[in-house]
Amino acid sequence: MATFGVGSRLGYVDTNPDRSAGLVAAVAAGIPWAVICGGAASELLGFGTVLAIVAGLLTGCLVSAATAFSREDIGSTVPLGALSIVTGLVFLTSVLGPEWVWSLGWEQPASLTAEFVIPIGTLLNAMFAGWAASKAYGGFGARGRHVGAYVLVYLNALSIVAFLFVLVAFTVVRGVPGLLNGAEFGLGVGPATTIELAGFGFTFVWPFSVPFVMNGVALLNDFQGVLPAIVGTIWLVVGAVLFAVPLGIGAAIFLTEYAEQGPFTQAVEIATNGLWSTPSIVFGLFGFAFLIPRFGNSKSLLAGMLTLGFMLLPLVLITSREAMISVPDEYRDASAALGVSKWQTIRSVVLPAALPGVVTGVILGVGRIAGETAPILLTMAGGTFVPGSQTADVIGGFGFVASPPFVTNPELLQATSALPYQLFALITAGVGLGDNVANPDEFRWATALVLLVVVLSFYAVGIATRYYFRRKLSYE
Amino acid sequence: MSFIPDFVRGSRSGLREAVDHRARRARDFVDETEPEALAVVTIVSLSLIAALVGFLLVSALTVVPISAFLVAVTYGWIRHQEVTARILTLTTTVSTLLILGLIIVFIFIESVPVIRYESATVFGVTVPGLRMFVETRWDAVSDPVRFSMVPMIHGTVMVTLIATAVAAPLGVSAALFLSEIAPPSVREIVKPGVEILAGIPSIVYGFIGFTILSPWASSQFRLTGQGTYLFVGVVVGLMALPTVVSVAEDALSSVPESIKSGSLAVGTTDWQTMTSITLPAAFSGVSAAVLLGVGRAIGETMAATVMLKGVPRLTDPLYNAFYGQETLTSIIARNYGDADGLQMDALFVAGVILFVTVLFISIGSQYVEWRMKRQFGGEV
Amino acid sequence: MSEIESTQTQTHQSTASQPSQTTNGESDEQLREAWTDHAFDGDTKLAVDGLDVHYGDDHALKDVSMEIPERSVTALIGPSGCGKSTFLRCLNRMNDRIPSARVDGSVRLDGSELYQEGVDLVELRKRVGMVFQSPNPFPKSIRDNISYGPRKHGDIDTGLIARMIGRSDERQERQLVEQSLRQAALWDEVRDRLDDNALGLSGGQQQRLCIARALATDPEVLLMDEPASALDPIATSKIEELIHELSREYTVVIVTHNMQQAERISDQTAVFLTGGKLVEYGDTEQIFDDPRSQRVDDYISGKFG
């Protein structure tokens, strides 16, 4: 690569360089050289920290200057090429052997080891070299920088997608054994579900049995599971949606359709955006201070629902409002011109038109809160292992009493578990898990996988809904 | 031109006028509405206020006004749908504001005792809460009991700095890719990918960080014990990445196509157009995106909680990012269980600091975005 | 490939119900020969041959062939949606920006083909400048707007490094800005506020700034897409004068929907009619005084369009 640069300078290769490689290249070339020389001065030559920093800075500046003040073909290839050569030599000649350790000598000890420095150094080198090479490939000049930058941007986008893929794949691979622990497939192996219908009971036997998602934790179980947490998560989401969606959509209707656009709507907008970016743990604190004393002074499912509802509310409001604003005014005018009243117009024209946006927003928002741990930590958390008998049965829990508040539901006021909390509890419990579960690590990974599946399925549904509506709209 | 006159001075001078205007509108509303509907509206409003008061006072009788509210709404919905719908939507709006108000009030009230306890005297003046920010000792058990916020603020700053260093360049570059470079087919794959990345629960990140990264870092860097700000920062940065990407992408795509074409038409490369025209034009939107990402990183709890040591102290030296002690968020999540009295209140102080910081960041980014909208909406 | 396309198009055209009446009964093909054989004053700068453009399923431009002579003003007129802007955007390949656009056929600039592998779009657009329908100055200072192109081409360097090594081109930049602004007849109005934001100028000034910006890169051809449509009459007349001046040095191709404007400023006129077809092309006087196509006559006399 460096040879190519020199060749170009001497006129052997036909390129189109600028007079200078530019500031960015100068800084980019200077920094690694500064780090290397600083490090070398401190480690190999035994200089003190201050001297090492000075040496590093000096080299960095020198390289920067060399990059900046020579013609672009030299400036953007030679310093980086030399960098690759030097680091390659250093690694190959075992100046930095596998046993190399650089203790930083801090109060809290930390060292840079070869195991870490060599791969990272190689990676960075490869990036720098790739950048310079693609610039050279583009023939330097504006076109070369264009190619160089595109290579980096593409690389970045690719690594983000790859990162996502690896993350999910890793969780799946580690989680599946635990999930399928004791799982059976085939007719008649699953638990029986009885459905009462008009006095007749239909008993339906599931054709598969996956104890991990169908059992709680009990002493006599062959396989332990997280059923209570799954049910808890579902109820949490249902409660939060029931609370936040009507409120959010109602407020969005008022703000877009009734309220005059002015300081008031602006204030509400600032407030909702503020609410949206409020850290989830603060919502938890609020639920702890505000809701728990009001629901029988103990952590409860209801408090968790409402706390998550508070979190969901701004998101529903913002997305519904955006969807309603994007409904063209012509629709409203047309409806009003037919003599239809305002509320009727909203109900039959604005809301249906805004529905796709609202639905997508709600689903994505639900995905977000379903995975939240921090707020429910303070408001509804149950134990690390929840017995199957504690699976929340909200509908069956309603009862009526003679004294105020007349309606009771012990299920709602009881602590239960949810998947994210259970995972947190499993992590922090650390040792001692072995008594309850045969293979705690497998159990944890399986819990993470179930959580991931639950949350990502919300996202998949949300994104699919958006595509569905978008295609429907574009064909209309 | 500046923000202040429009937002504050303008509304202040117009305040009287606005109040008059409202009063007139209210009178008109009363005049125009049928008496029966008016009665419904009155009952709805009164019962709601009563229910709120009852709820705040922890009264079991709250259920009475709530039922009154439900009955009135049902009746109103059948007989006077127009008015009822309006009142209901107004109610929901007010509730949203009320929730924010309640959050502020409650977390502040809870934090008062410890702020009193941690008063310090400077030049003979007693400043409540000052000692939390000048000392560095956090110890809830042994004497002297102190609740300094400094170690946690340090931790949050470290994590946020590292996270921003990860999320800002990667996020802006990915946003450029999505809005300017990617062909439509690639875009259709990458964009949902980024959204899904936003959906992965923080506890899952934390779990992977805890089981994989922390032990690895510990052996790599020859650390005593596990937990480093470095890796917490990287993980949190990856979590803040989708926020940066989606907001920055919106900003970049809102730069008018005409000036991008204008730049290409004078014979520049796509990359030159992006760096010299699109990015500077969308600068405020992109910085709002980075600000929001910073806000996310500050508020991130679970990954920090499971990956950090949980010992509130400063690292030594201060820039030693290889050790991770405690952040404002993680101390709450870790200690809420066994905390009571002053220590619980101290956790609320951490909450207040978080809330106020993030609120300011949110308002700041809204201001920046508002300015960008003005630039393209008002003057072009 | 493109050959098949164009034959298909032609069969499509002949089966189309559109009558191809001319004033003296000639067919479309004969009309076309009339202008392909016609010798215009000056050498050919741009030669277009069998140009077809599709946007997705939409056939926006059908088999257009024409030659544009250098150092002259060529006006493209026609009703809206007739493809004249599309045609203009083919001449510097700005249509490449639209993902659904597909271009077949050939455009040659000084004899070299634009639509082939390995054409440097940057180089092409340096030679073929463009002014857009609505003024689109960059949100930068007036000076930066003008020097933007040359800076990006590396012709002028006033960056930090250049200043450090004492090779800053500030003097050249000043000259270039002044010269371009003078050419665009804007210099006297803005000479005292070159560092002000260009967005503060009036619409007409902004459009002249965009012309100056295009001139600063020293193009050979200047494409203008209805440059005066968003302007008031006074600004319009300034732009028209300017175009007239420019045609001494540059090859100007201008799209307009204003027939009087075309008649006033152009040397040649091409008439596009609905459906993306070039119906008649010739010297402006001939087109306006004695059009050969009946439809062009109707259009010019305002009977439809």
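Think of it as A, B and C in the order they're written, each chain with its own count starting at 1.
In this text, contacts are C-beta pairs under 8 Å (C-beta built on N, C-alpha and C of every residue); 3 or more make two chains touch, one makes a residue touch a chain.
Bear in mind that the values here come from a model prediction, so they are computed numbers and not experimental data.
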{"item": "Smallest number of contact steps required from subunit A to reach subunit C", "value": "1"}
{"item": "Interface with more contacting C-beta pairs, comparing B-C to A-B", "value": "A-B"}
{"item": "Taking each chain's C-alpha mean as its centre, the one farthest from subunit B", "value": "C"}
{"item": "Centroid distance [mean C-alpha coordinates] between subunit C and subunit A, Å", "value": "49"}
{"item": "Cα-centroid distance, subunit B relative to subunit C, in whole angstrom", "value": "50"}
{"item": "Subunit A and subunit B, separation of their C-alpha mean positions in angstrom", "value": "16"}
{"item": "Multi-chain contact sites of subunit B, meaning residues that touch two or more partners", "value": "268-269, 272"}
{"item": "Shared-contact residues (touching 2 or more other chains) in subunit A", "value": "142-143"}
{"item": "Interface hub residues of subunit C, defined as touching at least two other chains", "value": "122, 152-153"}
{"item": "Interfacial residue positions of subunit A with respect to subunit B in the complex", "value": "101, 103-104, 106-113, 115-116, 142-143, 145-146, 149-150, 152-154, 156-157, 160-161, 163-164, 167-168, 170-171, 246-251, 253-255, 257-259, 262-263, 266-286, 288-290, 293-294, 310, 313-314, 317, 341-343, 346, 364, 367-368, 370-374, 377-378, 403-407, 420, 423-424, 427-428, 441, 444, 448, 451-452, 455-456, 458-459, 463"}
{"item": "List of subunit B residues in touch with subunit C within their complex", "value": "183-184, 256, 258-259, 261-269, 272, 276-277, 280-281, 375, 379-380"}
{"item": "Complex contacts: residues of subunit B adjacent to subunit A", "value": "7, 11, 14, 18, 55, 58, 60-64, 81-82, 85-86, 88-93, 95-97, 99-100, 102-103, 106-107, 109-110, 170, 173-174, 176-178, 181-182, 186, 189-190, 192-204, 206-208, 210-211, 220-224, 238, 241, 268-272, 275, 292, 295-296, 298-302, 305-306, 315-317, 320, 322-323, 329, 332-333, 336, 347-348, 351, 354-355, 358-359, 361-363, 366"}
{"item": "Interfacial residue positions of subunit C with respect to subunit B in the complex", "value": "92, 94, 97, 99, 122-127, 129-130, 132, 134, 136-140, 148-149, 152-153, 199-200, 210, 213-214, 216-217"}
{"item": "Interfacial residue positions of subunit A with respect to subunit C in the complex", "value": "18-20, 22-23, 26, 68-69, 141-143"}
